[in-house]
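Same chain, two partners: chain A is paired with chain B first, then with chain C.
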Partner chain A sequence: MITGIITFLVIFAVIGSILYGQRLAKTEKSDAVFGNPERAKGGVHWVIVGTSFLLLSWLYYSWDIAKAFYPKSANELCQVAKVNESLLSLKYLFPIEERHHKSTALIKRENINIQKKITIIQNSTDLKDKDKELFVKLLKKTQRTIPLLTDEKLLENETKDKIRDLTNRITWLTEDFQKISYPPIKSVEEENKRIEELKKQLGWGATGMEVPPLPESKRGLKFHTAAQELNKISDEFFSLRNHNPEYLKLLKEIREEIKKYKDSLDDSQELEITFIKEIKKLGQRIEYESVFPPNALDEMEKSIREFDVAQKSEQGNLIYIDALLFPAGTIVASGPTCAEDGPGRWLPKPSDTFRIFGDLLKPSVGFKMIPMIWYEMMGVNRIVGFILPDWIADVMPGKYPVHSADGTVKPNFKSKVLDVVTGEFKAFKIPVPTGHIWDSFLRVFLGLTLGIIFGVPLGLFMGLNRFAKGFFDPLVELYRPVPPLAWAPLVITVFGIDNLGKVFLLFMVSFSIMIISARAGASGTQLSKIHAAHSLGASRWQILREVIFPNSLPEILTGVRVAVGMCWGTLVAAEFLAGTSGIGFVENVARKYMQYEVIWITIFVMGMLGLLFDVTIRKIIDKTIPWRGKG
Partner chain B sequence: MRKIISFILGTIVALNLSVSVANAAANEVRVAFFLEWATPNQEAKVKKTFDKALGVPVKWTNFATGGEMTEAMLSGDIDISYSQGLTPFVNAVNAKAPIKLVDIAVIYGMGGTTCVAAKGIDKGNASSKLDGQKVAVPLGTMADYVFKETMRVVGADISKMKVVDMNPEDGSAAFVNGDVAMACLFGGKSIKAAKEKGASLLTVKEAQDAGIAGIDITSVTNKFLKENPGMVRTFVEVTHEANARYNAGKADMNIIAKDAAMDLAGTKKQMGGFEFPNAGTMKSKYMNKGGILMTYLEVMGNMFATSENPALKDYAAVVDTSYLP
Partner chain C sequence: MSDLVSQNVNMIFKSPKGETVHALKDISFTLKKGELLTVLGPSGCGKTTLLNIAAGFLRPTSGIITLNDKEIDGPGVERGMVFQQGALFEWLTVAENVNFGLRMKKEDPVKTAQKVEEWLDIVGLKGFGNTPTYQLSGGMQQRVALARCLINNPDLILMDEPLGALDALTREKMQSLVLKIWKETGKTIILITHSVEEALLLGERVYVMAPRPGRIHKEYKLPFANMGLNEDLREIKNNEEFVSKREEILSMIWDMEEEIMGKES
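Our next item is the complex of A and B:
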């Protein structure tokens, strides 16, 4: 329902925005020539079109539109898929969807295989001539079994009858299938039982139900029943073998010869045993397959084709729904169950995705017992204990208390200081954020900040000082081009699987980017500006602070934007390697349990967080360097 | 504007027509397998017995986890997964993936998959000592199952531990470093490395008594089953022949060790903990109604069920014994 309304809204938004955009282009008086950035300003309506277009593609390719407008279509298509599945093996015998008859392809392949084997045997240097002769003779005999199977005259009446019987059953089914009364109601009890079970069935896309398998409509029931009948026919056909007495006689002869030969061998003659086994397998392979004379199955093929035409026409508007609303895939059946195959499987429907996202956001649910983003109450003491280093207590005058004779410990000033710096005191609690999203955010934020704090001064220094440039250049340039992920296993081994390792990895990423951009900024400062400041009496510090730093700010801030993107990419991969929390961890676990909705949620959240970072930095850029591009 | 619209429409049409490409006529069989997981049919693999028996080339691709095998089967790149763990298989069928179980590949005790705990932690004190500690577990694999079962046996509470999701190689490294108090692992090298700094929480015998065993299976995509039932039968048959050869002590261990990327001693030790039952045993003891495999499927199916992918009502629908020789 909601999806349907949204679909219409989105379509209206697109049409409206396009019309508005065209009118605007007509009425607007603009003398900006091509290439003038003024021409790219504004245009919120195009943002609407872009966003709507994305949403529309998502709705369409996840088959959510099909679900909104034809909620029963999946169930009906599931029944059609059952028919297709039961026909699959039979169809595969004939050139309906393939190029050749299966028998043709098989005979062609086996003739080649036998020829190849003969060549190998004749060229073998290890085999005795006597064995060679026997092997070739056996292979030729095996080859002679093929015409016995394909000879029309040798086909037994019993087999013929069976084929005719199966063909008739398909033809009858085709006739019945087109009748309105099909399938006939067997008994009232069974019908009631069926209706009872239908009531229990969940809808398409409900939690834990991908596609409801039991037929819900009359048309569905028709296909469902036909599929059952076809399955029986198919099973009976494939248990049928064209083993006429002539063939069996020759096969027995070959078998006996093989057995006789094998009995004459002892265990040490490995090579001979292998060869004889392979020859036996070749014969077996032909024996197992359904090989028939070229025209024996013509009637059957015709009946299958007829049924195929009938079932296609019975599908009615389902064919169009399938083609239009189930793009790039369809519903497939596997035994009694059905599943979405194509984008419907890996591209979750927006409605499902947001429902599950809503569930995950509930702090009591979360993912793997950790909420996505929530808060927990934390005592101020723990924060104090984390920030203040423990050695403060050690450098205090005096000694730590020793227990007294009566078995008590009396605290003194030094131990009280220790309690404060380790956070062992009572304090009020404040809420702090927690959860997967917060963890990932914090890691990126810390890595980035550390990178900026250390990278920018060093970069500026390297841009201004010959020693610094020469000394640090090899170090930075050697580790910078290595993809950060290549460092991941090492960093995780050295710094552990906790936050420290991940933050360090992100620091490495942002550090090198900040160095490069700060250095480029510093060395790109116009000399005239430095000279002007110098002649006005500026000190070194003042030149650095007032001239060089502001001049390199555009480069530095662009560097920050690049670093944010790199940091996100690296973080997710690092959380893949060793994770207890974080977005990457969620995605990796979801992948293992095939929870595609959750995977898309993580991708969505990462995109949003990246956007948030980027928008923030863009705001900072606008505030701090408004002169950029205007100098 | 017109150009843009026609481009977009063209793209949509192209996308809609791109229904997944079918593997027509099976010119080759694509099989997934594990390294460091020695099985008798690797001898047949190296000697090309499979290719000869099937009459078409067999392409073997190695994978790191069973979950990745499922992904490849769903995208149509793999036809048969040999020795997929039961856990990833259960996760796949819970998610309605169109694959079926046709054969048991390996039955193994805790020698192949085990939880190694740091020194000082044994099964007696694990319930208290593991509280609040970090443990490395490759989630969604057989090791995850062994982890849950082992914790049940020693009476430890999983919700009080911090489970770190790590592949066996990483988990073993983290354990050696002391980053985690316990690591649940599979694979010969990983377990060997971890055991230098700790010991298995349960011995092979104890695990066996508690009913913990690993089962690796052979799974096949539905499409391949329907189109080439003969090939599946031959594949299973050749595997069973290789198993029989191994069970009779005739297998060439050097070839197996080399193909499994392990040393000879390690291979022998690993395979010593493996069991390759014959078809009769499978049908009468494992894959029959109420058999060991069916019970496992149900227990695991419920253990790893999520709200979106709940356990199946009947796992017999995804098991097909008709391909056993």
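Our next item is the complex of A and C:
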């Protein structure tokens, strides 16, 4: 419904803007920058822009347009796909999709294969002449079985009857198929069972169900039933063997000769064994292929062609829907399931993407048992236990209690302190955020904060002190030029795949950036300001805190902005490498299962979070250093 | 007693290439308390070097410079400095800038706030206390710089071309302000300028310095600064004596400049 409205709005907007643009192009005299008025005339570029825009929105929205205006179309196309799938093997018997009859192609191929084998045997230097003679004789005999299969006179009545029977069934199906009453209503029980199963079927685009396979409409049921009937016919045909007594007699003769020869061989004659096996295989291939006399299947071909025409006309508007609304692919059936095929598969289908996004946001669903972002109640004791180091208890006076003879442990002051610092006490609970997005955010935040806390003072120090610069510069410059991701495997191995490794990696990234920016800020302080502060009675420490630090703030904050971007990029890649949570982890798992919508969602979320970081820092910059560029 | 005494001060800079530049040579003078000295000279004559030595930012190569019989080694609160560009702290408001020195001394913020108000009133910035300095015009910035320096109650005020970057009208107003403050507070002031007119107007004493090596070329004692306290500055500028002194000094500096150009070419 909403998609429908949006579709119309988009179309109107595009047409409207093209018309408006054309009007503007006529009235506008010249553009201030691209001042050539000739270029603005004509409106050809408006047509190009508008058409490309329409094509793009068509490509992206077609799936949703189909969903909004033809909600049954995917399901019906799935049934059509089933018919096409069942029909395909039968069609391949005849020059419908191929150039030759299948029998023709097979005979051609087998003759070539046998001829090739004969050449190989005759040119072989390892085989004995006696064996060569025998092999060629056997192959010639195998070749002689082919005309026995293609001789119309030798075709048995039983086979003829079977072919006629199948042909009739296809013809009847074609006739019935075009009737409104098709498929005939089955027993009430079966019909109820079908409806019952249909109710259980999830809708188009539901999670894990791209296209519902059971027929939902009358037209769908028609194709579904026809597909089932065609499957039966096809199965029966391909189990049919055109083996007449003459052929079987020759085949038996060949087999016996092969067996006799094989028995005469001993295990060391590997070459001969290989050859005789290949000769036998050539015979077997002809045995199991559906080779028929040239005109034996003519009637059947006609019936199949007729059915194909009938089913295409029965599809009606589905053909146009398929072409227009599934532009980047079509729906194909494979076995019991239906799916979209072609490059359209990975396009983000707006409604599906939004729905999956909604699902992922549900705290009960999430991704891999972890919500995207939600809260959980956490006891204050756990937070206290996490923050306070355990050694506080160790340095307390006294000794830890020892259990007494009656099997109890009496707590003393030291053990009580230990309980506090390890968080083993009762406390109220507070909500704390949790989930993939929060995990990623927290890692970036921690890595960045640590980088700032350690990098800024060191950078300022390096900017002011030549010794510090000389001492730390080579150390920092040794690790900084290495791409952070190159460090990732090492850091993750040393510090573990969990938060510690990632936070340390991000710390490394932000640390070097903060050092460089703080150093630039400190060494860029005007001497007159330092002199002024000095003559106003400020001590060295005061100058550092009150003059150099605020003066370096613009550079430091610009550094933070750069560092956020770098950290964010590094984090996602690090989460790809290892871990069990985080937005990069979600994308990596989605990639493995080809969940295109989830991939698109993670891309979107990452973009949004990156933007959020940047906007926040820009706001902070505007608030804290309003003098920037005005001093 | 509270005199600034310079005895044979020499300053020799060494450039990284190993060349030596004799920036100041045998500078000796005595400045009594309450005197206003203006220093004038072509560029490169060592005016700013002299001021930096007086402020304590530079150590002279040889010689000694004392204030109140104490040798100057390093910057101190008793010598306030006003810079050409104001050198204000942009991250602070006007009042915070003025208050900076007192805050560094950790004085009681209530008392200092009152003092700041007084000084803002004196320099004509009443009501601008909470304005960020980057929103001020050049003249106002220099007023803040002046107040920031004076609130510390220094014995000696060093001004490094403080009015150099101002437009003519603002400059004149500021010149009156400097004279007013000089008179009211009775501070010793050294003012460096490249404007002959300014030097004559403000200077009770004027030193004209010559370059290579930097030295005091000529000294004048002038009445105009005291006249300026009561009369309109523009009238003084038309004074006959003023005009003749101005032309004399101007031609002197022109000669020096030409000599430098001749040496270089």
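Methods note: the second predicted complex is superposed on the first by the 333 of 631 C-alpha atoms of A that agree within 3 Å, B and C clash if a C-alpha of one lies under 4 Å from a C-alpha of the other, contacts with A are read in each partner's own complex, and residues count from 1 in each chain.
As a working rule, contacts are C-beta pairs under 8 Å (C-beta built on N, C-alpha and C of every residue); 3 or more make two chains touch, one makes a residue touch a chain.
What you are looking at is a predicted structure, and each value in this text was computed from that prediction instead of being measured.
More residues of chain A lie in contact with B than with the other chain of the pair chain B and chain C.
Legend: residue contacts after superposition of the two complexes on their common chain; A:Pro550 is shown touching chain C, with no touch to chain B. Judged by the touch definition given at the top, the superposed model places A:Phe238 against chain B, while chain C stays out of reach. Legend: residue contacts after superposition of the two complexes on their common chain; A:Lys132 is shown touching neither chain B nor chain C. By the touch criterion stated above, A:Arg382 is placed in contact with neither chain B nor chain C. Of the two partner chains, neither chain B nor chain C is touched by A:Lys302. In the overlay built on the shared chain, the residue A:Lys262 is in contact with neither chain B nor chain C. In the superposition on the C-alpha atoms of chain A, no part of chain A is touched by chain B in one complex and by chain C in the other.
The residues of chain A lying in touch with chain B in their complex are 61, 85, 88-89, 92, 97-100, 105, 109-110, 113, 207-208, 210-211, 238, 274, 278, 281-282, 285, 288-289, 323, 327-330, 332, 334-339, 341-342, 345, 356, 359, 368-369, 489, 492-493, 496-498, 577-580, 585, 588-589, 591-595, 597.
Residues of chain C touching chain A in their complex: 55-57, 75-77, 79-81, 83-85, 87, 89-91, 100-101, 104-105, 132-135, 145, 148-149, 152. Those residues of chain B whose C-beta lies close enough to touch chain A in the complex are 12, 15-20, 22, 24-25, 47, 49, 52-56, 65, 67, 70, 74, 88, 91-92, 94-98, 100, 134, 136, 139-141, 159, 162-167, 170, 173-174, 177, 179-180, 222-223, 226-227, 229-230, 233-234, 304, 306-310, 317-318. Chain contact summary for the complex, chain A toward chain C: residues 526, 528-529, 531-539, 542, 546-547, 550-551, 553, 625-627, 630-631.
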